[in-house]
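My questions all concern the structure below.
Chains here go by letter, A, B and C, matching the order in which they are written, and residues are numbered from 1 within each.
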Amino acid sequence: MNTTRVARWLLLSIMALMLGAGWWAPCPYDRQFRDQIAAPPSQTHLLGTDSVGRDRFSRLLYGGRISLFLVPAAATLSVGIALAIALGAALAGGWRESAATALIDLFLSMPWLFLLLAVRALLPLNAAPWLSVGTTFALLGLLGWPGPARVLLAAAHVQLDTAYVLRARASGCGPLRLAIIHIAPNLAPVAWAQFWTTAPAYLLAEVNLALLGLGIAEPLPSWGSLLRELQSLSSISHQPWILVPLGVLIVTLGCSQVAWKTGDYPT
Amino acid sequence: MMRLFRLLILLSALQPAVAQWGGELRFCLRSEPRSLHPDKVDDDASELVRYLTGGVLVRVNRLTQQAEPSLAVAWKVLDGGRAIRFQLREGVRFSDGTPFTAADVVFTLETLVDPAIHSPEAEPFRDVHALAEAPCTVMVRFPGTLAGGVRLFDQVAILSRRSPLKEAATLGPFHVSEHKPGAYIRLERNPYYWRMHAGRRLPYLDAVRLDIQQNRDAELLRFRRGEIHLISRLGPDQFDELARDRTGDVKDAGITLENEFLWFNMSPAAPLPAYEKAWFNARDFRLAISHAIHRDDLCRVVYHGHAAASAGPFPSTNLFWFNRNLQPHAADAVLARRLLTGAGFRFQGDKLLDHQGHAVEFSVVTSAGNQSRERMAALIEQDLAAIGIRLRIVTLDFPSLIERVSKTSAYESCLLGLNNVDLDPDGQMNLWLSSSTHHAWNPMQKSPATPWEAEIDQLMREQASAPTPAQRKTLFDRVQQIVADQAPILYLVNPSALVAFSSRLRNVQPSVMNPRLVWNIDELYLAGATAK
Amino acid sequence: MTGIPEHNRLGRLGRAVARRVSILLLLVITVTILSAVLVRLAPGFGMDESQLDLRLSNDSVASVRTELESPGTLLGLGNAVARLAHGDWGVSLALHQPVRELFLERSSLSLRTFCTGLFLAWTASFAAAVVLAWLRRPALDVCAALATGAWLCLPAAVIAVLCLYFQLVPGLALSAILIPRIFRYTRNILQAAASKPYVLAARARGVHEPSLMGRHICQPAAPELLALAGISISMAVSAMIPVEALCDSPGIGQLVWQSAAARDLPVLIYLTVLIAVVTCVANLVSDTASTLLSPEAW
């Protein structure tokens, strides 16, 4: 059977499960079964319960909604901004390119954690959880573009020296059309590589940010908060089923890459 | 023959274990000590180093909770509690050989109150007058009566007035020999330590190595491998794991003096809507919340049974000050609903509304990264949902939390813990006085906002100068009763002291007070060690 | 096309480098000022755990707060810059030690971690990417991509704990975090270079594979690889912070983590300057080398 088709079906199934968590999940994500704390998998709790007795399977389903949509959105935002800046700087050249490079270096050097803290502090304490988590991921997306931008800028320079660009210019193609129609599609593999590297980085960033109070507020689940349980080796050895969220994440990312034929790698 | 053999076995088992001299004790500090100067101690790591190196006039025994002679062989409280005369031990020297005299005590008390240092121990000693009456006699005069003043000297490490090493010269069992910032601190035995056993100077150990290790998993790994000899603060998960695997000796030493509690922001200056302030200022609202919380579940689920429901500021392990008439507020959702209805709230479906129709929703701030508090908050959120209240959990990093709680007052409720250093209620004076910046729910009041706070102010001042411990106890019992009745602070749980130590380490007597396992460091020894 | 005279080429390059160095200096000053403002405006500045100590009186708490907030005032910042000009880096608010001493104590360990991590990461990633480009087996490529995808999903805390469990140096933890990232970029760059028509032509003409890899694939890809090298240094600097913090390695990364948590402005200013200088110099060097290697420059 065609691998792409298998991957697409698998991905669609995962997304359908997550989106339909309200129907599929055996119980609400915040319901506590206080007589079954850290219970192993059973018929009632497919992936067991966590340290306060919440059903892990339900939390995996509901958590996927945040991770499957907000994380790719933030990564898309970063890579989109990076692509726009890289193309603009490469085509403009001269002092404009130097300014863009300087801006990239500036952004790479700044301690943006404090901006995250400051913006989150501006939100009211009783703000809805989706607002606080959305703000965090939006900021990650807005601030995460410099790394991809540098790589895309170098790749754009390589494209500028190719024959097809020379021919397009000679045919009178304007810079905007040159950037969007001719160069951008050829940068797609590099952009996708940046995307597939940035997306898991943002998901994992949520784990670290939770230590500073910038993560997803309890009791709302996310895959990042589920991965936090892996930080203890002893937990993994005694409760190996807590690796399932990691497995689901790996399968989802892998299927996405196969399913979308991004040119990131051959299928 | 077999009978003789059995008799020999029995006799050897009955013989007391002979202490072995030498060896290096190794364990971990959770953070870098901020200062090794005994007067600048304001964090746990620095306090431990001071305990192990500093010599004090009086030492509070961590098991009996009684003050015992240390560098002072005797003391006499005079002038109705306004003065204490200490008779000092003779022939004692600092770790560099400098003789210890009364002049050193005077010098220490003068240095302690230096305003540039902001020493937490300085407050009771401001305006104190110390006089060296004789080389081994010192008189300390307080400006007013200070009940229980003797125990304050447990936290005051004596400095040398004359030693060229300044504060590095110590009177305790050890002195700092090596400090690699971020990595470790090594302490070596004080060759002039005053305590003796069998004609030799204690401690039994040659050295103590304190590795700086923030990662709890790494600390546990190292304990399992035998790289460190003890862990004095285990989480409930780690405790159960070690107990299951029977690695070393694992003990629940009993309920600590630590307290986890929740309070509401009742400050009039708080940037909260008026209706919310009205909720938090209503006694029945606070009591209803308290009765809605299942403290037993907090103990069982979060602490795996290694905790006890808390009834007030002191747990039962505070042998003298605990008020035995107090009981933790029982979980009773029916009572909680009745209290809320009586306070003018009403239920609409599964939501609670106030008399103006506002849905009762508020946030609780707590420290990020503290798993126990995050879990407690999750449990409390569900408990309050059962009585129609929606609780939003907000975790903040500690500086942000401190700013909201102590500076801007921009919070609704707060879930935090207190590490009781002091057995005596005087140590919590600043929590109970309404004019204090530490008066959690409504700090820095120009005059007490409520009659019960005025009563607490008066009672605390009275007990601080009461002539006898029994009178002080009666007064503070009343304070505890008022707090239980008015519930400005909802006391939740007192966690247990969960410790682990190597089977090679002997004479260990775990205590619920800090430092839990090494409070008798000069009596600890490692089996199989050899002296240097 | 006629070649550009060498002295003209070197002159142009020299002017470009000089321009970048002056931009670098301006950048460092801008980063310093902006970072100080960010830290100052972030919540929790001037706050310390000691302010919750019940033993401190109102006056003591106020005094501690004033002391901690003073470096964040305009005067405080101005004094810090003036002191820096005289080589005085100030005193850490959290650790009460001179900042210069803190740096010097920790820098050698961090440098070791950084160099080990980056060297291992590049060696492993480049070697794996070259092997994949050489073998040209799609199945292997898919496996490698999926494996690195899975590897990317591992939290840094898990990697750090594994290193602690197996008693590995923090440099290995750092390389474990960098390898999947550097590998993916390198693989794409080499694959794009390998799919060029002239490579196919060279292969059809019987050019040996090693020569093909070196002259026709790696060499043309050098500018992109060098750009990636510059960015990998920034990645390594960023990754070193959680690695050292989680592995309890007393380096500069751990100092950054602790200083950020404590809002230790004097330490943070100098750490930011250090990171800015490292980032900008790395990018300057990689861009210059990339320009030198680019045939169009000559």
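Here is the rule we go by: contacts are C-beta pairs under 8 Å (C-beta built on N, C-alpha and C of every residue); 3 or more make two chains touch, one makes a residue touch a chain.
This structure is a prediction, so every number in the text was calculated from the model and none was measured.
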* To do: Could you tell me which chain lies farthest from chain A when each chain's centre is the average position of its Cα atoms?
  => B
* By number of C-beta pairs in contact, which two chains lead? -> A-C
* To do: Starting from the mean Cα coordinates of chain A and chain C, work out the distance between those two points in Å.
  => 21
* Would you kindly tell me how far, in whole Å, the mean C-alpha position of chain B lies from that of chain A? => 43
* **Where chain B and chain C are represented by their mean Cα positions, the distance between them in whole Å** => 42
* To do: Would you mind listing the residues of chain B that make contact with two or more other chains?
  => 217, 221, 397, 400
* **Shared-contact residues (touching 2 or more other chains) in chain C** => 43-44, 161, 165, 261
* **Contacts with 2+ other chains: residues of chain A** => 117, 121, 212, 231-233
* Which part of chain C faces chain B closely enough to touch in the complex? -> 43-58, 60-65, 94-97, 102, 105-106, 160-161, 164-165, 245-248, 250-251, 254-255, 258, 261-263
* **Contacting residues of chain B [partner chain A, same complex]** => 217, 220-221, 237-238, 241, 297, 300-302, 361-363, 365, 368-369, 371, 374-375, 377-379, 381-382, 392-397, 400, 410-412
* Structure fact -> Within the complex, chain C is touched by chain A residues 98, 101-102, 104-106, 108-115, 117-118, 121, 147, 150-151, 153-155, 157-158, 161, 189-190, 193, 196-197, 200-201, 203-204, 207-208, 212, 227-228, 230-233, 246, 249-250, 253-254, 257-258, 264-267
* Residues of chain B touching chain C in their complex? -> 32, 34-35, 40, 42-43, 115, 118, 120-123, 180-183, 212-215, 217-218, 221, 397-407, 418, 421, 427-431, 435-438, 444
* Would you mind writing out the residues of chain C in touch with chain A in their complex? => 19-20, 23-24, 26-27, 30-31, 34-35, 38-39, 41-44, 138, 141-142, 145-146, 149-150, 152-158, 161-162, 165, 180-181, 184-185, 187-189, 191-192, 223-224, 226-228, 230-231, 234-235, 242, 260-261, 268, 272, 275-276, 279-280, 283, 287, 290, 296
